[in-house]
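Below are two complexes that have chain A in common, paired first with chain B and then with chain C.
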Partner chain A sequence: MLKLIDFEIKNVLENINLTFEEGKTYVIMGSNGVGKSTLLHGIMGRPDLEIGGSIEYNGSEINDLTTDERAKLGIFVGFQSPTSIPGLSNFQFIKQSKKLKAVDIKSSLDKFKELSVSLGLPTDWDKRNLNTDASGGEKKKNELIQMLMLNTKFAMLDEPDSGLDVDGIKSLITQLNNWKNNNNTLVVVTHYEKLIQGLNPDSVVLLKKDNVTVGDKSLADKIFSSGFEDV
Partner chain B sequence: MQIKFLVVGLKMYKNLFQETFTLENSTAYETYYKLGDIFNFLTDDLIVDVENSKSASYFDAFNKPFLENLKHLRNTGLPHKYQEQFNHANLAKLYGLDILSRKDRELSFDKFDYLAVKNNTLVLCDGEILVSNNLGTRKPFNIQILDKIHTNKSRQLEYVKYIKHTNNFSNLTYALSPFLNIVVFPAGSKDRFYKNPITAEYRNVGDEPFLSCNTTIFDVQHNTKVCLKEDVKTLSGQMNNNIYILRENSELVLERKSNDYGGWNIFDSTFICHPKSKLIIDTKNTGSIYTQENFYIDSTYHTNVKIKGRNKIFKGNNFHQYVYQKSNDVDNYSRIDIKNIGNEYADTSFIGRYDVGPFSVNFDGSMNNNNLMLSKNTKMHTRPILDIKTKEIQCQHGCTVSNINAEQLYYLQSRGVDNAKDVLVESFLC
Partner chain C sequence: MSIDHLNKQNYKEGFITDTDSVSLPPGLNESIISQLSKIKNEPQWLKDFRLKSFNYWKEMAEPNWSELDYKQPDYQALSYYSAPKKLNKDEIPQEIFDTFEKLGVPLHERDALLGIEKDTKIIPTVAVDAVFDSVSVATTFKAELEKHGIIFCSISEAVQDYPELVKKYLGSVVPPKDNYFACLNSAVFTDGTFCYIPKGVRCPMELNTYFRINARNTGQFERTLIIADEDSYVSYLEGCTAPAYDENTLHAAVVELVTLDNAEIKYSTVQNWYPGDENGVGGVYNFVTKRAMCKGKNSKVSWTQVETGSAVTWKYPSCILKGDGSVGEFFSVAVTKGKQQADTGTKMIHLGKNTKSTIISKGISFGDSTNTYRGMVKVNPGAHNARNYTKCDSLMLQDSRALTIPYVTCQNDSAILEHEASAGKISEEQMYYLQSRGLSEDDALNCVVNGFCKDVFQKLPLEFAAEANSLLGVTLEGAVG
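Right, the complex of A and B next:
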């Protein structure tokens, strides 16, 4: 589904070759500051990153596409610290993103409310300003709602567990497992053992500055027991 | 250069004093004058003419305050660029604007015939006030329009005292529009004109830069609730001087929309807030070649003032706003919340002042001005001033000037929003 060929981000990562296949789940691990989040935003097309190499999505190079064009292809990144936008409500944001027509608004709103209630968010969540006056956990849940509401095919989540309580983690695992199918791909940056167990990833990727190590779930176990340096 | 009275206010002036002045027609069709030229004529030739005129006694009472106004104007001069309410760079541009004299001074109001099929609408144009059919009729508790001094002399004189000597443009506006138009919302109307709002349209007769001046008093009488929707369309130069009197227990909701149609505009609004009155102002501006919007609020006690401004200033436009609130007595409440967005080459300024007097205990004020610059070529100024002369008050201010937040922009784009900048602009204005 998505292939990184000799991919590099100036001053952060280099010589990264990775393939994310359709219908699979990946967990990315790596020491602090190695560039895990930057990798996700590099794929998403953050304008201030200088990218080298090639990003192929469904067989086509997307290096020249803007961020919103990549998003429209179904690429999604869940932020580690989502920014707040006062004046724009959570549901208005979805409306703007999906460019909803009048006839579709009600059904989308119903789905939005259903999701937010299932994640334990307040009943007026749709009317609240985007990530404004929200706790860290609520922001993360909001990222998940956006991912599920939008036409996401390739989801990259950056530490989705941070800030979530015990029930929140359970809901997160349930929602992500329900979302997974043979036509989409899930990439999660996390170091949380229970989340990795819950998601049961097909591959674990250990990211270093100039190379990657790909293994199965046992690679994660090895990292947890020995640390990054010994792997 | 001999400059004579070449602005539309002349017609009213002639009516007022029932005299014909020797006027020299412009030899060319298009002859331009500056605001300073008109000021010189008013404070030089016109004062002499008024002093020497042998007006009918009918007008004597009114002649005196008008003459005083001219003399005051002569003494104070045009507003100076270092006065508090003006950003220092503003006025040079205003004084450099061309004002067209016109050969044919006859006014034609034909284009306002649409009033015949409208309700609850006023048109203020070149010192005249035109009304839709339903407002012109004498019905119980209908609004009263006092628009001709010779037919409403005593009532007019009641209101002339509200034309105070100031250091802004309002005295000049009054000098150019000596007919004082008065709109009275009678006490018995209760909330009739809140449920059925009145629309006041500020218009110019022509599309060319003739100067149009209006001086109007809106009197919201006791226990009355009124919603006034003002629509300012300046095809050419326009100077408005409005005085709003909010009597005891009254409420005025003022929604003002000012759009750019190629002209320039100075709008001075004075609010006299009697005890227990409530004032809600909601303004929207696009700016223009030059727009100066001033609010002067005079609060007695137990008054409630809320001002919300959402101004999206178009490319290259000017918009300058001054808000002054004077709190004289106890328990006044005020919220000022102005947000400006400046497109490329826009030039905006906000200057706000709370003047809290020594007896104004328990004043509760909040002044906020947030500015969003959409280009590095935008100029935006903000200056909050709190002048507090008493203790036991609650007062705060917050003023910001910022650019589009790159993180927010990227966040929206990462969700597929292709007009992310527009969405951020709209969110900012919410």
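Right, the complex of A and C next:
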């Protein structure tokens, strides 16, 4: 369970109070530039963001934890525009992140290949350099693979659908729904109706600069028919 | 992370070995040189070579065109010879043996085996020549190599046993008058490696020389000479470390490589001389002249270096592409931190037709250090169809300095020369991305830097690649401010 209490990010958001419970799926919507991505990165602990208020994860405040410490707790963010790291291959990255022992490498690689093929990625995807020889959609698929292969308990995905082709969207929905269980939490930032339908969220959060409106799926429908202002 | 932690040198090779040694008193003059020649029982021609070089040196002035700022050594205050007292010719004193063990250099032939069994014969992979201060203390696998006609021994031994070969090639690639430090070396060089690969032979194992400076206030002047005869191949690795003294130690080596028709030499160096402390006190001055003469048609020399140590580095491993179709390569990763300074690069001189050179240089600097790439690509009028590709990249952290100084001279219309360069800071974005997957700051930095150096690391022989990787990791520890 992750709680934001009087949470603020200087010059971006203030007065944000939200609770994300285990076993639930949340969709975050909001107008462009309001701070949806920034919210996710604030939770992840990006060093350049000035935070106020409190972030509580499973009962303890994590404001003082570094990004990697939060990652080790199972918090994950799928980037909107993943950065590239030349010279590091996709699978090597997984190996490093998981600190894989030699005995576990083969099974991990098999799982990696299985996932990448099911997402429509080429068979040599494990050898390709991290996000360097990849299209926008391929990078997004990579984010999903990483989420699924690390010990993710609290997943935040920033527009995971953007750039994905029609098959990609179908796979994304399937994989995410398969991943969901009673102990983890899924938070997705998106504008895309089909994705919201497919994920069947428990809550829809409309984010504004200094407040949030929380509702069920019907809130999303309202937003799609009348826009953000009227809600 | 505090700045202190960042620049703290964690040089684990900084220990000193307590051993009995024979040394010449400090000072540099004809008498010392003659004594040196006598101790080594050298023939007249070599003594003359030394004295002639010394006479040239006296007329020369120390170069001052580089970006380097260092305190000039007092040449009269150094001792030019220090060797461990051996019990007898074949016995290495235990403490010397232990030193190399501690440094991970295998002196027992048995230990050098990686155990690939083919029929009943175990194929060895690394032959080692261990040089401690001014002398070679052990050379492994000489007998095995001799079966192939390969000569791999200390240069002092080569002077005794193969004088004609040494006389023919010594000074042919780097003549004494070439530069101040090569000249000094020509007068007082002590030991180093001599290697000759006969026609048509592909050396069956990696050859490795490991240099260890131990005595204080001595200069280290090695001389290495490698000759690859027609159609031969050898891969040679060089490693070096020194104790952590407060005074600067001078290391002025000369390496000459010669390749005849269709021959190839791969020369790799992992340099980890003591870099001085975080305030720039102490550390080795590494002033080295390394040059290859690609004499034969289609001959090839590759220089690969990973430089992480020494207080001041000044070296330009170069290739003279004389033979038609000859190829020169230079792959380098140079890391500077604290107060280290490096002015390094290469010279590719295209003389013959259809020659090719490739230069990939990666400079990483942090702390208050200065990292300079200085490279020359020269295409002479007769060098038809010359090709060069140069890529120099710099990665900087904090307030360090990185400079790139390319010299390109092209006197032939048919040549194609490409030059790419990039300079940048380690991106915050990359660091954050890696950390968001659970990598610590140090691990994230390692990933970014390793990725940055990848094209160079891939050129190193396997054993060295692993060593270079871990050395880079140790060097980068705590580097993120």
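The working rule: the second predicted complex is superposed on the first by the 231 of 231 C-alpha atoms of A that agree within 3 Å, B and C clash if a C-alpha of one lies under 4 Å from a C-alpha of the other, contacts with A are read in each partner's own complex, and residues count from 1 in each chain.
Heads up, the rule we're going with is that a contact is a pair of C-beta atoms (placed from the backbone, for glycine too) under 8 Å apart; a residue touches a chain by one contact, two chains touch by 3 or more.
Source: prediction; values computed, not measured.
If chain A is used to align the two complexes, do chain B and chain C fit next to each other or clash?
clash
Once chain A of both complexes is superposed, is A:K24 in touch with chain B (first), chain C (second), both, or neither?
Touch partners of A:K24: none, neither chain B nor chain C.
If we overlay the two complexes on their shared chain A, which of chain B and chain C does A:K222 touch? Say first, second, both or neither.
neither
Scan A:T83 for contacts with chain B and chain C and give back first, second, both or neither.
both
Enumerate the residues of chain A that count as touching chain B in its complex and touching chain C in the other.
Comparing the two interfaces on chain A, one with chain B and one with chain C, the shared residues are 44, 46-48, 66-68, 71-72, 76-77, 79, 82-83, 85-88, 93, 96-98, 146, 150.
Considering only the defined contacts, which chain B positions touch chain A in the complex?
Going through chain B, the ones touching chain A are 405-408, 410-420, 423-424, 426-430.
Give every residue of chain A touching chain B within the complex, in rising order.
44, 46-48, 66-68, 71-72, 76-77, 79, 82-83, 85-88, 93, 96-98, 146, 150
Taking the touch rule as given, give the residues of chain A at its contact with chain C in the complex, in rising order.
So the residues of chain A in touch with chain C come to 44, 46-48, 66-68, 71-72, 76-77, 79, 82-83, 85-88, 93, 96-98, 146, 150.
Can you tell me which positions in chain C touch chain A when the two form their complex?
For this pair, the touching residues of chain C are 427-430, 432-441, 443-444, 447-448, 450-455.
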